[in-house]
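Handing you this structure, nothing more for now.
Labels run A, B, C and D following the written order; every chain starts at residue 1.
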Amino acid sequence: MDQHNATLASGLVSSTYIQQGADALCTRRKLIKTLLSQRSLPKHGWDEDTVELFIKDAAYMDSNNFLNSVGVGEREARVASRLVAKRHFGLAHGIGRSGDVAAEQPKAAGSSLLAKMTNILVQDALKVAGMLDVGAVTVLPLATGMALTLTLLALKAKRPQARYVLWPRIDQKTCLKAIVSANLEAVPVPCLLEGDELRTDMPLLRSEIERLSPDKIVCIVTTTSCFAPRGADSLVEVAKLCRESGIGHIVNNAYGVQSAALCSLVTSAWRKGRVDAVVQSTDKNFMVPVGGAVVAAGIQDTSLVNAVNKAYPGRASMTPLLDVLITLLQWGVSGWRNVLEQREAVYRYAHVQLEAFAATINERVLTTPNNPISIGLTLANLRQVGPLSVPADQTDRNSQDSSNLQR
Amino acid sequence: MDQHNATLASGLVSSTYIQQGADALCTRRKLIKTLLSQRSLPKHGWDEDTVELFIKDAAYMDSNNFLNSVGVGEREARVASRLVAKRHFGLAHGIGRSGDVAAEQPKAAGSSLLAKMTNILVQDALKVAGMLDVGAVTVLPLATGMALTLTLLALKAKRPQARYVLWPRIDQKTCLKAIVSANLEAVPVPCLLEGDELRTDMPLLRSEIERLSPDKIVCIVTTTSCFAPRGADSLVEVAKLCRESGIGHIVNNAYGVQSAALCSLVTSAWRKGRVDAVVQSTDKNFMVPVGGAVVAAGIQDTSLVNAVNKAYPGRASMTPLLDVLITLLQWGVSGWRNVLEQREAVYRYAHVQLEAFAATINERVLTTPNNPISIGLTLANLRQVGPLSVPADQTDRNSQDSSNLQR
Amino acid sequence: MDQHNATLASGLVSSTYIQQGADALCTRRKLIKTLLSQRSLPKHGWDEDTVELFIKDAAYMDSNNFLNSVGVGEREARVASRLVAKRHFGLAHGIGRSGDVAAEQPKAAGSSLLAKMTNILVQDALKVAGMLDVGAVTVLPLATGMALTLTLLALKAKRPQARYVLWPRIDQKTCLKAIVSANLEAVPVPCLLEGDELRTDMPLLRSEIERLSPDKIVCIVTTTSCFAPRGADSLVEVAKLCRESGIGHIVNNAYGVQSAALCSLVTSAWRKGRVDAVVQSTDKNFMVPVGGAVVAAGIQDTSLVNAVNKAYPGRASMTPLLDVLITLLQWGVSGWRNVLEQREAVYRYAHVQLEAFAATINERVLTTPNNPISIGLTLANLRQVGPLSVPADQTDRNSQDSSNLQR
Amino acid sequence: MDQHNATLASGLVSSTYIQQGADALCTRRKLIKTLLSQRSLPKHGWDEDTVELFIKDAAYMDSNNFLNSVGVGEREARVASRLVAKRHFGLAHGIGRSGDVAAEQPKAAGSSLLAKMTNILVQDALKVAGMLDVGAVTVLPLATGMALTLTLLALKAKRPQARYVLWPRIDQKTCLKAIVSANLEAVPVPCLLEGDELRTDMPLLRSEIERLSPDKIVCIVTTTSCFAPRGADSLVEVAKLCRESGIGHIVNNAYGVQSAALCSLVTSAWRKGRVDAVVQSTDKNFMVPVGGAVVAAGIQDTSLVNAVNKAYPGRASMTPLLDVLITLLQWGVSGWRNVLEQREAVYRYAHVQLEAFAATINERVLTTPNNPISIGLTLANLRQVGPLSVPADQTDRNSQDSSNLQR
């Protein structure tokens, strides 16, 4: 309903009303115009309708949605089921080309546009979350583990003689598997207990590098977000060590974007030392279904992120990118900020409540200052057999407050 | 994604691809432009996406969908449930104003536009079906019976002294109820048996007019579509009689639009005599859910249709109009023609098959040349007790052919 | 996924997980079970998914959605457009039969069930809103004006000699039109100014009854919700007068359900005098798209509501009922209560703010204690030409507070 | 609406109608029951509604959709955007666990069930297409290229000393990239020209194995579906050679499922020699959006498919599986067969038309009997400068026939 159509419609409905309506439509379309020209996360979230308007407009630009067009090739993005087509808004070409998962597709201008925009908005979102000097971002339609594997493969390709991956140990299977699946040899480095907290054993890491020889080591894989009592790895120290030793450094920041402290840690690390890539989940940080990961690098060195894009063989599902795009457009900067703040508030609240509860059962919350995401509780005196007797008033307070935790 | 946006997007995806996509979008939007400028049923049906595009664009023009707008009145079309809003595409103002169901609403330019367009397309569709010289059409959000009542009330208002409605009898409750609910007195006029068929008893009709006195008679309500062995009323003769006698004439054409013969009959009637309004169902003729009716008049006299619009007190549901609009846009002239032809073909097929079947059980299909919609079967010899023994080969043929009847 | 299916699925996924999932499904279905057995508005609102589950289950029970079934009649609820079918959840038969809009349809068990349930839940909702002793409720797929017309027609049928409708005047076109469209004669009775407020002129009403003679009067149509400075009519006094005089009484309670005071007024009226029917809008009270009205009566006399149902000729659209059903299920008692309380709070807030604002421009808010819905402002000193100069701090406060008014 | 609910509903609507509706619902649910008990592709396709019913029932079994449940972990499948949640039917947990992409998830019984069912139905679909003795199937949420990389990594893990991949050359970038991305060394083996067609050079392949030494070779990657004039590789001969030499064999069957000839070739290959895995695209074969691949193996050796599942690090997107599941359920055996037959018919038709056309421009269609998917045309005499002059009647015929190619 552009100006021309508004004029046409004025013959049917009086032009004053039509013009008012056309202006409203224009306001809505201006949001899209602003997105395309400013190329940044909108200040305020869009309503669902405008998001759909934008995605559908893009979808209509893909060749499989051209009216009066018949395709004869093998890449025509034919979709048999209407139910399937609908859930993808008619988008079916996926992303990428044989050569590069971030490349544009000749037959899919709309999909290509949405994919580019997703990477741009995610870069912005990382900045809002506190990750500064981000130089390159690629959203992969692979969950964190597989994204780590691909990143390791791309790094290994640059260091053909190397085969070890030093890995300050965490008790989580996926990361280990990601290394093994890349046909690399994981060398777990046990942590050091400092007070309650498990921290990176820098001296041991240093000696392992010497023992194995730097040129045989692909990289160190550090971890930020993890279960207490393990704290985030000493990212800055490791980054400095990697720079000195000339070995790679990949950060597993799986669900760390939600924590300002961890984002700040990542920023410091790539400012002060070597960080080749930081990998994070889309589902845990941006609240979308499982299936995507963000691989990011600081402005200091974006070569590995580019190599990852170019290493991706063939095209790929667009769904995880689209989910993130929709979510970020609906949030905008203010909505995203709000989600982050709420997370921090809920964490602090849970911490205080757990401390109070622990006191009543003669236990205590572990002191893990480097873990801003997970909370550990001692179970030292928990010898009691039978059902736990929680003080009555505590139960009440809990049930009353539980609504605060609900979405 | 107008030209300006395409230029903006070209910075992200190469301009050749973007331009190709923008052209495709333009082709799609051109369909809407053509509809608004030509104001006629499109030659070819639109795909579902373009239909949605059009309706949503219109919905965004209604004040309840304006971004950044807060309403404080009692007519703000607030919708509490997202599920409800979605099924109405955000359209919530309904149609009409206090004064006129066909009037435009200041707060709802889009709804008003869609309502106008519905009436225009239905007028076209009636023409394609064979109803010529249509002068006025209004689609009411009332099913046939209630639409008849409203039409009768509007006619009665013009003839305040009259209270009788002459009604060549059909065995269907709704029409009778429609008369009674208007607080008018129905005077059933029995039909005449001509061969197998029940036809309008013109002499009796004439004598009833004399008996009751023309100025006491609001109108004659004739029927076209009905169950065999009743045939369509002698519309032309009745129309002439009404003109002569100066009494009204309303045609109950409930499911007659689908028959070219009945449409032709209506055309002849308003060309040669008096027809104040022809009422037909939207669900039976246009295959939409129950809820709407079309009140039409020939170019000879459109005053009653206008009076009906003006008689409607207040606003009304838009749903029945929107259902028809969507369906007609998806059909276009060619699709609608196709539906009509298929109906005729299925009717002929059923006729032939029933005749063949009837012969096998020593019965016959009734000869009802004035009923092109329903088929009657004698049951004269059907004395047999126990399950019907259908000849084996007949059963096979039936099951084989049944697919022809399926949609 | 009943117990039998859970057992079958256990071969594919371990039975512990399947059982947990099956239990969750069971919890959801139990909500439906409770609705069907208790037949009252659920305490707490349902989530959208459960609402859809219930409606779709009902839709599958309508014959047009039977698998492997071919219909050959004219009432098969064929729907041509998938887009149309989807927005109606596959429900296409509408409601009612030739004889009664509240009657069940043999081919549409599901639609019939949903329609019955709607009437039941609306009756509950009226009670929650403060309308007590409700004896009969019918939700009509007609907006308020047309519903008034139908109610007047049904009442007139019971009083064939009568033709006048006494109408304490309000300046709103629809109600007048509703009377005229029923081919009845509206006799406006001017209001009396008491202080700022316009109130029912009981003596005049009495004398008009005498003047016209009770047996010539169909009814008095009173109004509750209206624009200030008119207050709600003196319902109790009118109801008593109607009982004395033996004439009908219809209350136009268009948007009065939202006000506890008006609901209470209605209750008193039918407890203490004669009220044949109270008509209210579904869109204004239950926040659904325009298209439906609720006709209610107290337990003292439900005959007119039943007559209205029986007067409705033919079937009718189900949409307005379904919209209300969905909304009420999503609200539940607690959600509906919340909406009502919020309305009262916003009204009080607006009243205070307007008073403060009026003071700054040397005007005042009218004292209209019998109008709990609308607020009037004097414009006595508003002589200024040119743009209104609002005190600067007032503007700020307004913009700051406007968010409170947003939904 | 089980029997218990039907009884409850019978109080509202007469039990005959309710029972009929309940029976219809039962018929629909029985389809699901049959799927769960027989665990095979349904004979006839399901309607869209039943497919949604099944998926939604499963979704309600995932913990994120439990009513009245609050999650506090990091794997709660929280979805921020309603638009995103809707397009995934509420499914958000993805598939797999840290250890195995085919493993079930404790918190997601429904997702796990759907994933299992997808693999089962795809195995059936391969059989219908002509791939016999299928022993293991896994549908990966990775497009063909990345699925090849993962498969190569899993195979390499079993042959740690090997690093070469012998690759009968095709001119397509993705496959080469898939090898390189796995950090393996691709050794292209040029094809042999036999007549018009390019075929596997078996002697050269043999000599390359000797040259590089079998224990240094991970596998041979052969190709079935490709552009003419290259024919499908000599799968059986290569399979035998691989068995003899003790090296792996992976078949790139990207879009070969649609061809009965290629399916038969695969069957022969794994019956007569060594085939570790056959990789095919979901989008090209099952007409879904880009994003998935099927890795299959014959009953002779399913170890690599199992290794691939276990090699997948972490969870993964469910979308590509769900798209295939929906499509196969909507097709059933008969619909899928129909798609396959139509493809073959269109291919033959295009072949004949191209031959006729080629004759008119003094060219010919290449004879490539081992390529049942793509058609090559000589351009030997195409020296003409300027626009191609197509014989007039040919153009007409083309435009006339184009409708046959449209979906």
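Note that a residue touches a chain if its C-beta (ideal position, glycine included) is under 8 Å from a C-beta of that chain, and two chains touch if they have at least 3 such contacts.
All values derive from a computational prediction rather than experimental measurement.
In terms of the distance between Cα centroids, chain A is separated most widely from B.
Centre-to-centre separation between chain C and chain D, using Cα means, comes to 54 Å.
Centre-to-centre spacing of chain B and chain D amounts to 48 Å, using the average Cα coordinate of each chain. Chain contacts: chain C has residues 82 touching two or more partner chains.
Contact between chains, per the stated criterion, is found for A-B, A-D, B-C, C-D. The touching residues of chain A, when paired with chain B in their complex, are 1-2, 4-5, 8-9, 11-14, 17-18, 20-22, 24-25, 27-28, 31-33, 36-37, 39, 47, 49-50, 53, 56-58, 60-63, 65-68, 90, 104-106, 108-110, 112-113, 116-117. Of all residues in chain C, those touching chain B in their complex are 48, 51-52, 70, 72, 74-75, 77-84, 87-88, 91-95, 98-99, 141-146, 148-150, 153-154, 156-157, 160, 172-175, 177-178, 180-183, 225, 255, 283-284, 286-292, 311-320, 323, 326-327, 330-331, 339, 350, 373-374, 402, 405-407.
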